[in-house]
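As written, the chains take the letters A, B, C, D, E, F, G, H, I, J, K and L, and residue 1 is the first residue of each chain.
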Amino acid sequence: MRILVINGPNLNLLFQRDAEKYGSLSLYNIEELLKKEFQSHSFQFFQSNSEGDIINQIHNSHSDFDGIIINPGGYAHTSVAIKDALELCKLPKIEVHLSNLASRENYRQNLITASSCDGYISGFKGNSYNAAVYLLEKVLIRK
Amino acid sequence: MRILVINGPNLNLLFQRDAEKYGSLSLYNIEELLKKEFQSHSFQFFQSNSEGDIINQIHNSHSDFDGIIINPGGYAHTSVAIKDALELCKLPKIEVHLSNLASRENYRQNLITASSCDGYISGFKGNSYNAAVYLLEKVLIRK
Amino acid sequence: MRILVINGPNLNLLFQRDAEKYGSLSLYNIEELLKKEFQSHSFQFFQSNSEGDIINQIHNSHSDFDGIIINPGGYAHTSVAIKDALELCKLPKIEVHLSNLASRENYRQNLITASSCDGYISGFKGNSYNAAVYLLEKVLIRK
Amino acid sequence: MRILVINGPNLNLLFQRDAEKYGSLSLYNIEELLKKEFQSHSFQFFQSNSEGDIINQIHNSHSDFDGIIINPGGYAHTSVAIKDALELCKLPKIEVHLSNLASRENYRQNLITASSCDGYISGFKGNSYNAAVYLLEKVLIRK
Amino acid sequence: MRILVINGPNLNLLFQRDAEKYGSLSLYNIEELLKKEFQSHSFQFFQSNSEGDIINQIHNSHSDFDGIIINPGGYAHTSVAIKDALELCKLPKIEVHLSNLASRENYRQNLITASSCDGYISGFKGNSYNAAVYLLEKVLIRK
Amino acid sequence: MRILVINGPNLNLLFQRDAEKYGSLSLYNIEELLKKEFQSHSFQFFQSNSEGDIINQIHNSHSDFDGIIINPGGYAHTSVAIKDALELCKLPKIEVHLSNLASRENYRQNLITASSCDGYISGFKGNSYNAAVYLLEKVLIRK
Amino acid sequence: MRILVINGPNLNLLFQRDAEKYGSLSLYNIEELLKKEFQSHSFQFFQSNSEGDIINQIHNSHSDFDGIIINPGGYAHTSVAIKDALELCKLPKIEVHLSNLASRENYRQNLITASSCDGYISGFKGNSYNAAVYLLEKVLIRK
Amino acid sequence: MRILVINGPNLNLLFQRDAEKYGSLSLYNIEELLKKEFQSHSFQFFQSNSEGDIINQIHNSHSDFDGIIINPGGYAHTSVAIKDALELCKLPKIEVHLSNLASRENYRQNLITASSCDGYISGFKGNSYNAAVYLLEKVLIRK
Amino acid sequence: MRILVINGPNLNLLFQRDAEKYGSLSLYNIEELLKKEFQSHSFQFFQSNSEGDIINQIHNSHSDFDGIIINPGGYAHTSVAIKDALELCKLPKIEVHLSNLASRENYRQNLITASSCDGYISGFKGNSYNAAVYLLEKVLIRK
Amino acid sequence: MRILVINGPNLNLLFQRDAEKYGSLSLYNIEELLKKEFQSHSFQFFQSNSEGDIINQIHNSHSDFDGIIINPGGYAHTSVAIKDALELCKLPKIEVHLSNLASRENYRQNLITASSCDGYISGFKGNSYNAAVYLLEKVLIRK
Amino acid sequence: MRILVINGPNLNLLFQRDAEKYGSLSLYNIEELLKKEFQSHSFQFFQSNSEGDIINQIHNSHSDFDGIIINPGGYAHTSVAIKDALELCKLPKIEVHLSNLASRENYRQNLITASSCDGYISGFKGNSYNAAVYLLEKVLIRK
Amino acid sequence: MRILVINGPNLNLLFQRDAEKYGSLSLYNIEELLKKEFQSHSFQFFQSNSEGDIINQIHNSHSDFDGIIINPGGYAHTSVAIKDALELCKLPKIEVHLSNLASRENYRQNLITASSCDGYISGFKGNSYNAAVYLLEKVLIRK
């Protein structure tokens, strides 16, 4: 299984963010742990702070991957454009968030992009990514 | 690991609900699949249509379990009382939803109870439960 | 025709409520008048102040009845759980209200449960029930 | 009993509308069925697409009728003027809707005119009219 | 001074309305009192329940009158069309209301048509009309 | 007739304000014109920029005056305290505004204090005061 | 191609309206220019200030025309009744507005009737009509 | 004086809750302190996590008690059904809250049930109950 | 214990207000009854209709008093400035209201100043003050 | 006439989107059809998923083009930055949408960018572009 | 340059407020530092807790000063009256806030008075005043 | 002191924008004036229309600069992503706006990014930048 893991704005500096909310791992650590736990799959990590680049990456994923994990960061709450891109893409898609959005600011309660995914996982810090791979396996097998 | 799985209103009739949204498994099927996949843990399934009984069950979980998985059904969007009960309980707690709430009615976007859990998972039908067990393992190990 | 008549919170004390809004009949009077007018049908009256019990009763109605009349009282405006239960039940369902909700408080304008019924009747005091039986006959014949 | 049945905009083309929501009867069919079922009463059907004509008709109903059934169509949600006309009229008044408004668009949830009627009935297609006559009988007898 | 007095829906039945809010005069009484108090002016009273007729009347007022007094009744709160018609008309225009709108229902607080008039007067029952004539004199003299 | 004319914040500098909206008269000019037109009445003009002083003045008006004209300026839209004071006072009370509030900013559409007056007049610049005296005469005679 | 062009309130006085927003043509000028540019089609212009008459005209259009162009004026933002009439009519329908609604008052942003048309054009003054004919040709050919 | 003290969801675990907000007493401690301070009265403490049981208890209080103190917990903000039950009950009723609701989350500002009580007390931890007894004495004596 | 009792706008005319809502006592009566019941404490009553004077009084209370009781009247719902003054003052502070705010107008549901007090009491007419003294004793002893 | 056609996010994959809403043409097809119909003009098609690139393109359009057609896709509803860029650009500008926005999701009703264009066209699939060219001709000639 | 520095409610007790938000200087310290840094200007500090006194001070500033710095405290968010007073005053005016309003409570986001100033500065504690003087120099020179 | 000055969308064309709101300087002029006034500091001006590039620039500022001045243009009101980037960056940060946002459109009142800065300055055209440097000096010295 080839999995594309798209990471939105500020996730390149994850290790500097508030550990209480986001955990203490860097994005690189998350990638390493994923590869270690799920050795039979290949992972490609993509990170960009640009809404347009994220859309481009989603568009180009079609032929090269079996599934998408996306953490859209702040764009999760505002980007109709990413939502439309995800809707166009017919791969299984899972949205992940490191922090528990339900207990954060009001403007993080509105989930625009998640409505174009199969489902979403929020609040388990780095493990949100692991659970997404675990579920992609289930979703792809179910097919 | 002893896991309490609390199921809210209408989940006893899960097999009759719209398969497109909720999947085609009964609650009993979900329990069987969980026990099969996670044989080293013990599971206690509890289902009630009553808000008060669910609160009672949360109160009583303290000494007998290592973690809680809760699908509060329709109470997820309205019950301040269940939210307060979850906040009181110091076990790891994961909220699960079968359907992808982000693509459903407006009144299902408001998540009251999830803000007192560690995190939540939405949209993977029966597999939302499996992922919750998978994550409870991570959470408990991390501790 | 076997008809289940579900009555929600505070309807057991109907005779004590404001006659201007709710009429001067007790729930028992309503039952008596219904049986007298519609002698060819059997009626089972159920009343509970508990949201969970009402859901249970809806779940259990499937095999024993031909139609449901429900006055959810205050739960009509707040209960996603009862709404989901009604949606699961495939019998003809009619919601009734004694008072004219359109001329009452703002928080009584929001109809959650009625959207899972065939239709609703509001404002005719005890006669709202009679009209519901009258309409159940029509609905069942039309089938 | 002389009953005035006022029908608002687009009800003249009822037979062309979506049968799933409105039923498959024309307004003429509804009139025929009403006359057949309630032979002891006289009915006068009035239909207009004009807000002003409907108000005029309500004003003129006082001496010639014993009760009013009104289906204000789209004006039910916007017309303060019809609401004021109904409030002026001291006959028993029942508002009817063919479709179940509670499960339709947001802008059809707001009931302006119904608050000046005795009550309202929604969702039973053509039978909403029949139930209104049934209830007018009750209301007038109760007096 | 030739004054056109436009009266909207339900004002033809003014004498039947709630005297506490609207006063006990009929529209005819108001006309008589106006003519008696302001003998040097000519008045033309127009009443219609139809939004379109009121717009037509405003359109036709240009050459025959020196000023307009309008009581749009329920249309004051909803009619963008009458507002646009008033804006087109270059005569002095005063909106009047019999009752004190500031102490009535929420949906009567929104003043659409008044924003295209010179000003408005609310709450003095029949005398709202007299004050409007009194002010038209001032406005026309000031010119 | 002894009339108290209460003027709220910034009306002492009326002559400096935007003539397009407020007219070109000073408060003193308004007073002079009022006295000239209504010579049989006595007027006491009061102006204060302080909410508390305005309330005190209303409290003290009971025995010395027959009616109150009040232009609460910016307090018209925010002061629950002035509204309560006006409600306590049993004299006839008329609220006046120089500009046409219906065509101004949103936060000037909310009328708190006017709901405790007999009625209000808006948009006729200095003449709003004259019309208020004209109406006080009517109101007091009607009594 | 026979085209019905329905024009709502105040469009009969178009030539008097603010040229900056609406252009400097009269409705008659628009008609003349349309006939000149599209000589192979026949046009019937209808204008009314009455909501009911507009609905009647839509109802009657079915057999005599191939397409409808409608400028509902102020009714575009408030009329559920016209929206329902348009939905009933199975001809191609295009809504036009002379001014650019997106840069005008808040209450003109709400488009009720346009949702029952094929599409809408806003902001090109008289040319909005020409573009509508241009598009009707495309729509009808595409069929 | 026989006083019924109704306690809603999660108050059975009061001693485990955040002492900063709720104080450090258990419900049993509160009961003991009340009995000690007010020895001439009898108290019956009732606690339930179930909305329906609380309604039942209110219904049954009529003949056995002279007054009710109710802490509805989370139901205070959502339960129309408990509000209706309290309205039916003609005993003096005082609502109490341990924490100062005015400085807590938005969804705790909405007071549904308190509007059917004589008054309410919020923010004095266990002493809110004592003050309620103190006031019940006043209320009953005043009668 | 030296207690400062601050009374906001219109409380000087308490005896004239609606007895149904506010009780029939004057502010002087309340003071007398307080002194009679709590003879071991000294009370200083302060009343002002001015927001600024109330803030000044709060500022000056620090050294001369042991606790504050405040009835901010209409300022309770609008004054950020009084709220900030109360927050600055480190004495125990209790807000009181004579009427039951939960059953009054919408604009009286918003409690700005109470969030800077220890707690608040609403609905017991003059006895709200007595309960506040009773609670101040508890609060000060608890310290 | 040199026309710049700017296409926002996801329009590069137009051919994959829902044909019911967006039509079955690719962006390339649209370009071909435009060139074929309007042979006397030159067209430059630009597509980007990046908000910043679209702004850059608008900035650079000034000297090379006579008019702009823009389909901002999802950015139409959220981008204040594109709106400001369009306002800066003094060329004629027309916004186009393939689908009928008036009948889609709530978050697509808010038109931010269109308010800085001459006008907009919505709902005619690929033909929205053709009509925009047709109108640019009119606009440029009118100048 | 003669500068008037107006300080609203609670700024007299600045030294007692939360240093994290407001800094640790007293108002007197701020005045001293200002005079020390800007020795070529004269400063007059005014502080009042009364809305009316602040308005009076603004009215009287015209002839004696070259510019105004105002910190309206809590009145910044509620006072239409101060806003109107500032609009009347033709001197350069700068609003300052000690704390960063953008990161505080919702009710502090609404800026009523700032819209009548040249601009505003928020978040630099005592230095907000210094920056205002620095900018007044620029503004006055620019003139 | 090395200062990074980040400028968001459309500021590259500042000289073309409305001078009344934004002043008549180009961004280059602002830079020149800044360098001239503050010769002891070094400035690096960065401008981009791309949200992603602005985030990248903020991320890279850490080691090379002592403080950040940011004018986020239209992104100030919508970008959760830039807000999160600013929060991550531990340098002193000041947000500047050329125009007075408090007197502009509603959608410019919402300040998302400013809540992650030390403070903000709005309304002084080019001088907003100068004041920001002036304040950065204060902030850095204070440290």
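Operating definition for what follows: a contact is a pair of C-beta atoms (placed from the backbone, for glycine too) under 8 Å apart; a residue touches a chain by one contact, two chains touch by 3 or more.
Computed from a predicted model, the values in this text were never measured in an experiment.
With contact taken as defined at the outset, there is no chain that touches subunit B as well as subunit G. By residue number, over half of the contacts seen at E-G repeat in one listed pair from F-I, H-I or C-D, namely F-I. Between subunit F and subunit I, two chains of identical sequence, the interface residue sets overlap only in part, with shared numbers making up under half of the total.
Interface comparison, C-H versus H-I: the pair with the greater number of contacting C-beta pairs is H-I. Between the Cα centres of subunit C and subunit L there is a gap of 62 Å. Inter-chain spacing, taken between the CA centroids of subunit G and subunit J, is 23 Å.
We define each chain's centre as the mean of its Cα atoms; on that basis subunit A and subunit I are separated by 54 Å. Shared contact sites, meaning residues of subunit I that touch two or more other chains, fall at 50-53, 78.
Touching pairs of chains, sorted by label, consist of A-B, A-J, A-L, B-C, B-H, C-D, C-H, D-E, D-G, E-F, E-G, F-I, F-K, G-J, H-I, I-K, J-L, K-L.
Residues 100, 102-103, 109-111, 114-124, 127-128, 130-131, 134-135, 138-139, 142 of subunit D are the ones touching subunit C in the complex. Remark: subunit B residues 8-10, 12-13, 16-17, 48-53, 73-75, 77-78, 107-108 touch subunit C in the complex.
Listing the residues of subunit C that touch subunit B in their complex gives 50-53, 55-56, 59, 78-81, 83-85, 88, 112.
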